[in-house]
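Every chain is named by a letter (A, B, C and D) in the order it is written, and numbering of its residues begins at 1.
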Amino acid sequence: MQPLLKMQGINKSFAGVAALTSAELEIAPGEVHAVIGQNGAGKSTLIKILTGVYRKDSGDIAFEDKPWNALSPRESQDNGIATIYQELSLVPLRSVTENVIMGYEPRTRFGLIDWKAAHKRTREILADFGVDIDVTQPLGNYSTAIQQLTAIARAVSLNSRLVIMDEPTSSLDDREVETLFGVVRGLKARGVSVIYISHFLDELFQICDRATIMRDGQRVAVREIASTTKLGLIADMLGRDPEEISAAGMTDLGGGTHEAGELLLEATNLHTDRNLRDVSVSVHKGEIVGLGGLLGSGRTEAARAIFAMDKLRNGTVATHRNPAGFRDPAEAIRGGIGFLTEDRKAEGIVPEMSVRENMTLALMPRLVRNGAIDRAKEEEIVKKFVDALGIKLASIEQPIRELSGGNQQKVLLARWLALEPDLLILDEPTRGVDVGAKFEIQSIIREYVEKGVGVLLISSEFEELVEGADRIVVLQDGKSVSELQNPGITEESLIGAIARSHDGPGKGAAA
Amino acid sequence: MLDQNTFDLRRYIQGNGQSMGVWIALIVMIAFGAMRYDNFTGAYNISSFLNYNSMFIVIALGMCFVIMTGGIDLSVGSVVAFASVCVAYLSPYGIQVALPGGILAGMAIGGLNAFFVIAMRIPPFIATLATMLGAKGGALVISGRQTISVDWGSNFTKFGMGSVGGILPWSIIVVALLAVALWIVLEKTSIGRTVEAIGGGEDATKMMGLPVNRAKAFVYILSGGCAGLAGVILASGFGAGQPLEGVGWELSAIASVVVGGTLLTGGLGSVPATVAGALLLGLVFNILNFENGRGVISFSAYWQMVIRGLFLFVVILLQSRVSRVGAKQGA
Amino acid sequence: MPGFDTRMLAKHGGLIALAVLLLINIAITPNFLQLQTLFVNISQVATIAIVAVGMTLVIATAGIDLSVGAVMAVAGALAPLIFLSEFAQAYPTLGLAASIIVPILVALLCGLFNGVLVAYLGVQPIIATLIFFISGRGIAQVLTNGNLQTFAHPGFSYIGTGKILGLPFQGWLVVVIAIVFWYIVNRTLFGRRILAVGGNERAAKLTGTPVRRVKTGVYVISAGLSGIAGLIVVAINSASDAARIGNLMELDAIASAVVGGTLLMGGKAPIFGAVLGAVIIQLVKYTLLANGVADEVALIAKAGIIVLAVYVQQGRKE
Amino acid sequence: EPPPLAQKERYKVGFSQMESNNPWRIAETKSFHDTAEACNWDLIATDAAGSAAKQVADVDSMIAQGIDVLFLPPREEKPLIPAVMKAQAAGIPTFLVDRSVDPNVAKAGEHYVSFLGSDFIDQGKRVAEWVIENFEGDKGIIVELEGTTGSSPANDRKSGFDDNILKDDRFEIVASQTGDFARDMGRQVMETLLQAHPDVNIVYAHNDEMAIGAIQALELAGRKPGEDVLVVSIDGTRDALQAIIDGKMGVTVESSPFFGPLACEIMGKYAAGESIPPWVKVEDRIFTKENAADHIDEAY
């Protein structure tokens, strides 16, 4: 059969650093094709070249047997390639409707936008994803997950022949992931091809037909999913022996066995103006406490409230060092707390700053000697963490925006580890991180916990929570509703706890 | 869930919190003027006020669109001057030639702005700063440093000096029609939506496949055209092409837009509130003149500057308060 | 290596532009290679450069300061009021000191006003500083009753006309200010925080940066430097005309900063770049003037040069 | 015929100033304010901040307020014609002050009563004549500092001077650049032009402020204004008279801003039904070494 898409010998370098070297990709009509590889392998770059966000340096692309050279995302959309980019490309200030139908608005007889029809159509499109929200509200009012679903809905609604999804599930919980799979299967049934990029290898086995594995900007293998194993894929990705890897195990949080130490954090009855309506949680030394719940249940908000990012309307936050809580994040940081945000792009990285400067941003006040920043010490610390976390970069002076998503995440983690905090709040710490790095990040966390650090862990991956946390506090609609204790938590029991407390799907719109 | 199709005042206020301040201030000011001064609401004052301020409204409208894309157009004042000179030369052919001619002259400079910003990727602030200098130079060159007389014989000056019923000048009618048209463009067409989207995130808008460059070209050319129209009003209402006019008008326009609640970072904007903002700033001058006429205190020119600054300060404070309250209720 | 040339060009665009300008001048401008030409240019560029340094810091936080000219007017109006006062006649040294310190303090207060508006009340910088842009000059005129104040005060005039090692005093001042702020930006906590706030405000906040204080700080600095510039203008002229001091300075300063490589969206603060930008703009002015280019044509030429300089400077990035 | 003016105890008088950014304008406004009391005026003064269009709007707002008489220094010759016409239509007699409007469209004795002021071209001419008479060298190398580009005093003072000085072929204008009527600009421009044309020995500035700036530039460059460079200008400010006394400046042709008393006088005559000439010429004095010291106390 003729492939729908054929990319050959694609080269691309950024400022002299090669991101793709002779990369290849072939997609058959109607197949769901996975593209996997470690952080920085070049997956996103390959996609962006296909859709005209970047220009390739050289190489050939054929789409539907015709030479293809998109000059803009618009052109690829108009020619049947719809894309959900890894960095959410939506406009938060505008309404949900606009974000979904913009560029393809229904018109009235006079050629003007028919808003009534547009809202209706948007509600229909989102309904396929089990999302029922007020579509006239600004998209930014909704959580990352809703936003991600919106992006997916937009792409899928475009009637394309090829839908590209770059890590679509990174902020979805299991239920939405299932919905998404339903949509993908529907696309496949209609003969639409899907390129599916993900670090969750389990997902591939559920929906993908084939997988292209990339390493260091090249294709290293193409596998039929049916005839391969997770271990096999990982081996390809890392370029190692399968045996070697199987010895190591996949999730390294391995919690549930800990004697809880001294009380680090005691948050009670947290209320905020936005969404929190009664959350209590405590963390002890050397303990990982998970926050479980569906999206929008208020996990991120609870973390922000503890870190004094959001104002408390009611409730108290006490830590061992600051019994009265904090007035602002600066005070929280001085009080020994670190907070890894879930929104890397918007509130994590400072894009134009170097890796070095990004990493020491929170630590800076402690690096000051005689009024100036101690550069030698700064570099020493940065180098230490670059090595320890295996961060892939050209130089520590490189602007962080040039790093791949996973490596950016490691830099941000290092930003907080460097503080030697007592308590770490980690909001989706392994989002968008490849298996290898995820494993590394998890073992780093574990190492710190062993040394007595307390961790408040938020994760949409139930597996990560179940295996990692000593206790899980379940949130629902901004309230803490139950608590599970390890050992003994299973994914089923967690889902059960969430389900029991939940009265209906997709509720809690920001109204 | 609320029904989105019926009008709900509370929701409207929440959604438009940014622009409520300007309406309140406008009403308060008009009421103040009407009560305090004789003839303030007389036909003569209303008519001349609207005629003069139609120029500021129209450049503020163009500016509003530019600002919504996260850009800025500092060149409008010079473009007004430039267009007024071009129009003065065209005036013997009548308004039917001069009006499109002036608008085209403005659009040409707007096009230059668009070229600098889009093709050369010069930041809008700098690109339009350059055309601000350039257009002024151009106006002086083609006018030979002189103000240029218009042809009083043709129908040209009727446009700028005539009015309907002695109270509604033609200029304000044209500008009002334009405002309505632009309102529709903004709210009901995809180019308008794209304009607002760009301000909310240019990269994202591009990745969504929206015609970012086309929309940006549109706003700069529109802004130039609006300034061109203001130039027509200037030349026909004041009887001359004036190469030196328009100094600082860009700042008035920006202030009008912001007072109207448009975010300077782009992404949110309102056409009617911008009109209200322009009227409000114009009213300050009008009221100061009337206050001087009461003879109790006579504000010297520099006190007037201080008062205008203070006034802007108060409106901005009021606006940020109202919008904060609105946001709180909205969450 | 595509991209290599343009990157080089972007990095050294300012220096290249300067070199080109110098060569053109050597070729066509009469008596360009004279020491006096250097003095003239240094004394004329100093105020722009000083204000541009402050502007650079403000822009680095993604702000802008339109009020610099008005602050210059306020400071410039105050100084003669003080040293011509009876108090200063009675205590000349104290009076001189006060006539330098008080205006700068008042300038700092103006900056505080801007900073509070921007940082604590969330007013957009262009508008926040527009308020003072409009009213500041009015205040200066109210202070002086609109009068031109002229004086002959050698002590005070030193700021504008004095020389050290044969070079104008204000030239040295620029060098000192540039070095100090270069150090602050590149070596101190405050400097790093400026860049962080401009680069990603939310991230800065999350990492414990006192965003509001940093923002307020840059407006205060910008106003303080403008105050100094205002004093220099008054000192050179031996007169203070509140209506004119610092007129259009904001545009020159912004243009200098941007030609020097500052990004208007924040996150970069090339201090020496800004000084270089000021020098380039000054040299363009000088070239056009010395060669008798008519004012209106000079405006067009200036426009073209600004566009070109920034185009070269920005480079192209993907 | 301009509208008549009734004899009244008190008049509501409009004065529409064009801008207040230089000492001359400020002195003029002050002169009107000072006159108001003595002349029984309720004065409404507006300020157009340099915009001709705003000046028309200001006049409009004064018409709306029902003024009896209008004194108008028109910012520009042509753009202020509508203001004159509207005042006439509203039955308000208008007197133009210090600048006039385009005589081809609006005429004294018809659309407005009269123009009170001096002649900018003549001012330039008188400076030229003085220079021709008093310059002692064989070759006059002239630098001209122009006023705000495009403004009518700048245009007129330039043509009045240029046309006359060039009749004598001892003189050559080597550079003519704008100093925007401001001292600081005047100084900077002079510094630059002095570098390009070191042989200059005459500086003609369109106003005293720029002349003072030029003197400073000359001194900073180590030249001796008054000895090796002759500085001449127009206005008659206190600083300029002082410079003449100090020997740094040759001449300044008066352009007096004190129009208040004259306005009061002419208005009274007009109300009394006397006929007013279309141009009430102000006799501009000329200040030189001979008389500067006598007049410095009345200067502003």
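Throughout what follows, contacts are C-beta pairs under 8 Å (C-beta built on N, C-alpha and C of every residue); 3 or more make two chains touch, one makes a residue touch a chain.
Computed from a prediction, not measured in an experiment: that's the story for all the values here.
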Checklist outcome for this item: Shared touching partners of subunit B and subunit C are A, D
Next on the checklist: What's the minimum number of touch steps needed to get from subunit A to subunit C?
Outcome noted: 1
Item to check | Furthest chain, CA centroid comparison against subunit D | outcome: A
Checklist outcome for this item: Of C-D and B-D, the pair joined by more C-beta contact pairs is B-D
Checklist entry - Where the centres are mean C-alpha positions, what is the separation of subunit C from subunit D, in Å? => result 33
Item to check | Chain centre separation in whole Å, for subunit D relative to subunit A (CA means) | outcome: 71
Checklist entry - In angstrom, rounded to a whole number, how far apart do the mean CA points of subunit B and subunit D lie? => result 34
Item to check | For subunit A paired with subunit B, centre-to-centre distance based on mean C-alpha positions, whole Å | outcome: 43
Checklist entry - Which subunit D residues touch at least two other chains? => result 20, 149-150
Item to check | Junction residues of subunit A - those touching two or more other chains | outcome: none
Item to check | Multi-chain contact residues (two or more partners), subunit B | outcome: 140, 145, 300-302, 304
Checklist entry - What chain-chain pairs meet the touch criterion? => result A-B, A-C, B-C, B-D, C-D
Checklist entry - What does subunit B use to touch subunit A in their complex? => result 1-2, 4-5, 184, 187-190, 193-194, 196-197, 199-201, 203-211, 267-268, 328, 331
Checklist entry - Contact residues on subunit D for subunit B in the complex? => result 12, 17, 19-20, 29, 33, 42-47, 49-54, 56-58, 60-66, 76-82, 90, 102, 104-105, 148-151, 155
Next on the checklist: If we count contacts the way the header does, which residues on subunit D are in touch with subunit C in the complex?
Outcome noted: 20-23, 26, 146, 149-150, 175-178, 182-185, 187-189, 191-193, 195-198, 209, 212-213, 216, 220-221, 239
Item to check | subunit A residues within the subunit C interface of the complex | outcome: 14-16, 54-55, 57, 307, 309, 328-334, 339, 341, 346-353, 357, 361-362, 364-365, 368, 371-373, 375, 415
Item to check | Residue numbers on subunit C that touch subunit B, as the complex places them | outcome: 64, 66, 117, 121-124, 126-128, 130-142, 146, 242, 251, 254-255, 258, 263-264, 295-304, 306-307, 310-311, 314, 316
